[in-house]
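Handing you this structure, nothing more for now.
Which chain is which? They are A, B, C, D and E, in the order written, and residues in each are numbered from 1.
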Amino acid sequence: MLKVIQLDKTYGSNKHSLKAVNFTAQPGEVTAIIGPSGAGKTTILRSINQLIRDDSGQILLDDQDIRQANKGELRKIRHHIGMIFQNYNLINPLTALENVLHGRLGAKSTVAGMLGLYSDDEKSEALALLDEVGLKEYAYQRCDQLSGGQQQRVGIARALMQHPKMILCDEPIASLDPKSTKIVMDILRKLAREKQLIILINLHQVDIALEYADHIVGINSGAIVFEGPTDEVNDGVLQKIYRQADQPGAVVTANEN
Amino acid sequence: MLKVIQLDKTYGSNKHSLKAVNFTAQPGEVTAIIGPSGAGKTTILRSINQLIRDDSGQILLDDQDIRQANKGELRKIRHHIGMIFQNYNLINPLTALENVLHGRLGAKSTVAGMLGLYSDDEKSEALALLDEVGLKEYAYQRCDQLSGGQQQRVGIARALMQHPKMILCDEPIASLDPKSTKIVMDILRKLAREKQLIILINLHQVDIALEYADHIVGINSGAIVFEGPTDEVNDGVLQKIYRQADQPGAVVTANEN
Amino acid sequence: ASGTSTNSSSKGSSAGKDGKAITVVFYPNESAKSFATSRDALKKSIEKATGKTVKLQTTTDYNVAIQAIASGKAQLAYMGANGYIQAHKLSKDVVPFAAQSDGEGTLKKATYNSYLMVQQKDADKYQENGKYSIKNVKGKKMSYVSNSSTSGFLVPTAEITREFSIKDGDKDKLTQSGQFFSKVLYGGSHQGSAVNLIKGDADVAAFDDADLMPYLKATKGSWDKVGSTFTVKDDAEAPFNSLKGKSVVNIAMMPVQQGPWVFNTKTLSKDDQTKIAKEFTSQEFADNEQIFSKPGSKKTSMFPKKTEKTKLLKVTDKWYAPTHKLVGY
Amino acid sequence: MIENSQPNPNALQPSAPKSKHISLVTKPRKILRTVLAVLAIISIYSLATLNSSNLNLADAFHSLGVNLNAMFLHPSVGQDSWGQLLQALVTSVSLALLTTLLGAVVAFFIAVGAARNLAPSWLATGIKAVMAFIRAIPTILWVLIYSVVMGIGASAAVVGLTFHSVAYLVKAYSESIEETSQDTIEALKASGVGFWPIVFQAILPSIVPALLSWTFIRFEINFANAVAVGAAAGADDIGYFLFMAGNFYFNFHEVGLIVYLLLGVAIVLELISMKLRGHYLKHN
Amino acid sequence: MKTNYQSPQQFYRQRRLRMLIVLLILIGIYVGSMLLVKFQTWNSIVKIPAGLIWLFHNFIPTERSISYLGPILYQLWRTLLVSISSTIVASIFALMAAILGAKTTTPHRSVSLVIRFGASLLRNIPVVAWAMILLFSFKQSDFTGFLALFFMTLGYLTRAFTETIEDLDAEKIQALQAVGANYFQCVFCGVLPEAASTLTSWVLYMIENNLRDATLVGLLTGTGVGFLFDTYFKSFRYDAAGLIVLLIAILVILLELTSTQIRRAIA
């Protein structure tokens, strides 16, 4: 179980980006974080695996506080947390296959990892994962030669390669077409169910969140304004989540499709 | 009216990305191009304003073939075509305001353009446009300090600054939250209606396309598989559009939300 | 006179003739900081003689100095004999007008010495029937000063060429390692070349007397005799400070003509030429201690006098015929 | 570089993923390895054939130690005064400033013509070839040329040094320009913006950090060059004192002091450059 | 940065004022330096063509210079070897130094500072000083030339590599950190592949640069094409010196073409 307690984060000196954030995410469930642009969704995710470090509060993964982990411990913890990024963040000049194999780095000895010595089993698994996201034939292509959607799917395969306990996804489907979206979301939900993973997804698309998430966390201007099971989300809740500071004149209604 | 006739495009020597593409887009209407990732949506859009030049076929804007235009003519034509990009493509170190004003550069003399000499009216207009997309208070912020959604909205304001006849949008809302999506799509539709603009949008989200577009163009593997008014789109059509070559095992169904 | 055109009457457009400043350029050797007083004194003399302002130009590059006088950008220069021949070849307008006399105040022995020296412990190997010869230098490690030096390069190579009857086209072989010599070093200065020898990096080294006198003293024989032994002085400064007491022997000695004062006749007016030549060769000029230091004086000026009779004498291109022959043109 | 330890080179068949051995080696990777191997072999061959016969390493390092000690631990002004040295230092810095400023302005405009994403490829290639040629001519030769044409003095030094400055910066600037994202350029092109407005409104602001960093590197080089050959043209800079101390008086102590002065300038420069770069980069 | 302006007009006024101040400072520096060293900008600019004419007039290789071709080509080859080996050896050390020194990958800030300072030291010791230090200890030999090039290349490459690494997209490295990769893994699997093409460009550029710095190598070693240039130059055989310059230029251009090809092939 992931438990975030009183998480605070201030960028620079004046910008309060997260204010006393509390929420939990259960294994076996898909938890979606939704909220307007700039609300702090990305900031929460990055604080969880401590890519952003100068914060305060507690982040308990299976009762261990990630924020207290020392360097070595943090590496181990991170190896069990997959992460998928909004901007893919693949190593461009390498092939899709190699990028997927990077998912194993956390489990390797320093030297083996440095030299990229992967076992045949690992390589087969990586290929299988690429197949799973529909990119088998692009395995040997440089990543910067793939289209946006294709790149994002490589990123997803990389996270899966980690055999993670938890996957953090920062708008993983922002550049995917509906079909790929469905495939990916299905995989993520399946992983949550079958392997009892904690899946935490930042989403812009409320419809996708409502369809796939079991648990919803709503955030606005750095503060949690809603947390609960998906079926408790109604128009009033959405209105509260999407009330925006930077669009004062606009009428507050949720996207209605 | 935009009329694309037998447009062909081959990347490198073997990849046939567009195959005899034909479609039309009417002023006053929102035309959406939908299709799976890698289908060629971006390629079509870039061919229209000749950012991709080594193609064949005809592209008639108000009966003038853009492909036949010489350099000077092309510049003039382009100034009347706004474009909004998937990756924002703003000049990062400049402020939002400056980026919006770039929309005027095409109408300026070389020297005025080089030095960035804008009239007071233009500056006020730029600020007003930023206000319209909800970013008034970010006008003086560097673009790389804005969140993804905010950046995209600056890009939209820049296109509007051109007073275009036609706006080409390459997944303009991929990184926007539902609220901003609605605002932007409303603006675009309003522009189409009120100023009789041709609005051509690449979209991943079928739901948005169905809600906002008047006219739908479906593309798969570089070929148009559907063209017609939005209400003619049904599940069969969507299935045809989203049948994908690179996911042979997956069942072909349209996103059902 | 071999092609001398002292009377060149072509219209110069540059400084000197227009009554503007006269530029004097110095070789790197004479650009030394310690000669600043001498240079200033020269400037005053020329200004007094011509009534024009004088601009002093130091340089650290031989080519720049030579090109400057040859192109007429500078009107006056003090050069080495070899450099003068080069400049004269580039432009016939460069003409010598004065050179330092010998101890007798004549031009007969107006030379200084260039040597080929070896370490004292090896000196015997270069003796034949009690006489030193350079027959054995072939295949040894050789050190020159730099390839633009008259006494540290041109004269020694000419001597070797003569001794071994080397053909003109093969002269370059003397300048590179692994051909005539097993190794060829360039000391960068006369001192540097001597250091190469004394430290044992070279077996044979070429350098002159004038530059080494502050560091070496003749412990057997004299500066004017082949086969003399020279020892590093006890109070020698860097780079000899760690080499005190070491000795070298000269196995060959070649006279080198004193370098001339030259002017560029195209850009210096005839009138000024006469005035300057007259001033320089005057006794008053020779008595100027800021320019000529007294024999044995502690403080050295640009031109140390051998005897009281030393002064500048008028010379022409013809006098340099021996060096012309040495250079080959 | 990521390499795979597969011992069996026959199994390197990317298109046969079914086989038990899966190779990560693609064709570009093979070429890269070949290039690296060739370079390594050349290096080893070259090092092996270096002529260092008369070298006794122990002695050499001992003497190196002694000289470094004299230079850096016992610096002194030698026969010169602080005033002379500092004034000459200022002259050197001025020479470097002039050549850098002149070079930067001229180079920027030429660089626009030499960038492959802006100019036709024949022009870019042509300019780059000319620049390569200019760089192949040693600095001292440029200085010589202009002391012949203009007379000895600072002007000749500045003009001579500026040639290399321009040639170097054209290459550096044009490569920075080539690195600006094609997408951002396209965005403006797509709205019908002409060539020069794109250069000044899109490219210039995007590459300011790169330009700054290149210009500062070049300033450093210009400073070094001014020291090395400024004196040859009689510019009366610190290079003159360095030449005298080094080549004429063998005064390690004074050379050490001058090196310290030069380092002082370099460090001040580095600090300024870091500050400016930080100012432009920190917002990313 | 101030982010609240009253109007866009005011914003532009301020921006323009700032530009003007920067411009004035630069002009001030220029004019100041100009007066200080007595540089005559206009007079100098108009003489530029005359210099080029002089260059071509004097340095065009003649028939006689062709007879020097043999030794020139041999020494060019030796010089090429030395520039390649010094660059390659230096780049290995520079890469290690850069990874330790780059702000994004440094293990500690102080290490970064030490490396920056060290690199700056190597770069800023002037040629004359290098000549003194190395010649006195290592004598005139190929090895001395190699050492001089090695140290100077090390200084430049360390700086160039450091900045290349710092310019990489930090998020990509973060993506690997997020996987649990440790420091060395991030460097070898993320930083190096991502920076490889830029680093390669630098190495190839330095080879070219070192080839050009052959004049210096010649000075230190008494061998190489630089020494030949020096000999011909000082004995006023300008045609032969011109031939050397021409050959170096051709070689440099060939190197550049090759390196472009290589970079394209490994992309």
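Basically, contacts are C-beta pairs under 8 Å (C-beta built on N, C-alpha and C of every residue); 3 or more make two chains touch, one makes a residue touch a chain.
All values reported here derive from a predicted model rather than from experimental measurement.
Trainee: Give me the chains shared as neighbours by chain C and chain D.
Mentor: Under the touch definition, chain C and chain D have E as mutual neighbours.
Trainee: What's the farthest chain from chain B if centres are computed as the mean of the Cα atoms?
Mentor: C
Trainee: Counting in whole Å, what is the centre-to-centre distance of chain A and chain C, each centre being its mean C-alpha position?
Mentor: The computed centroid separation for chain A versus chain C comes out at 81 Å.
Trainee: With centres defined as the mean C-alpha position, give me the chain B-chain E separation in Å.
Mentor: About 44 Å, centre to centre.
Trainee: Starting from the mean Cα coordinates of chain C and chain E, work out the distance between those two points in Å.
Mentor: 38
Trainee: Report the inter-chain centroid distance for chain A and chain B in whole angstrom, where each centroid is the mean of the CA atoms.
Mentor: Computed value for the inter-centroid distance: 29 Å.
Trainee: Would you give the residues of chain B that are in contact with at least 2 other chains, written as numbers and ranges?
Mentor: 142 - these are the residues of chain B that touch more than one other chain.
Trainee: Counting only residues that touch at least 2 other chains, which ones in chain C make the list?
Mentor: Within chain C, the residues that touch at least two other chains are 63, 177, 188, 201, 239.
Trainee: Give me the residue numbers in chain D that touch at least two other chains, ranges are fine.
Mentor: In chain D, residues 2, 51, 54, 140, 148-150, 153, 239, 243, 247, 250, 252, 283 touch at least two other chains, as defined above.
Trainee: Please list, in label order, each pair of chains that touches.
Mentor: A-B, A-D, A-E, B-D, B-E, C-D, C-E, D-E
Trainee: List the residues on chain E that touch chain C in their complex, please.
Mentor: 71, 131, 135-136, 139-140, 222-223, 227, 230-231, 233-236
Trainee: Would you tell me which residues of chain D are touching chain C in their complex?
Mentor: On the chain D side, the touching residues are 51, 54, 79-80, 140, 143-144, 147-153, 229, 231-234, 236, 239-241, 243-244, 247-252.
Trainee: Using the touch definition from the top, list the residues of chain B that touch chain E in their complex.
Mentor: Against chain E, the touching part of chain B is residues 95, 97, 118, 120, 123-124, 126-127, 139-142.
Trainee: Over in the complex, which chain E residues touch chain D? Could you list them?
Mentor: My answer: residues 1, 26, 29-30, 32-34, 36-40, 43-44, 47-48, 50-51, 54-55, 81-82, 84-85, 88-89, 116-117, 120-121, 123-129, 131-134, 136-139, 141-143, 146, 159, 163, 188-189, 192-193, 196, 201, 212, 215, 223, 229, 233, 241, 245-246, 248-249, 252-253, 256, 262, 265-267.
Trainee: Where on chain D does chain B make contact in their complex?
Mentor: Touch list, chain D to chain B: 181, 183-184, 186-194, 196-202, 205-206, 208, 280, 283-284.
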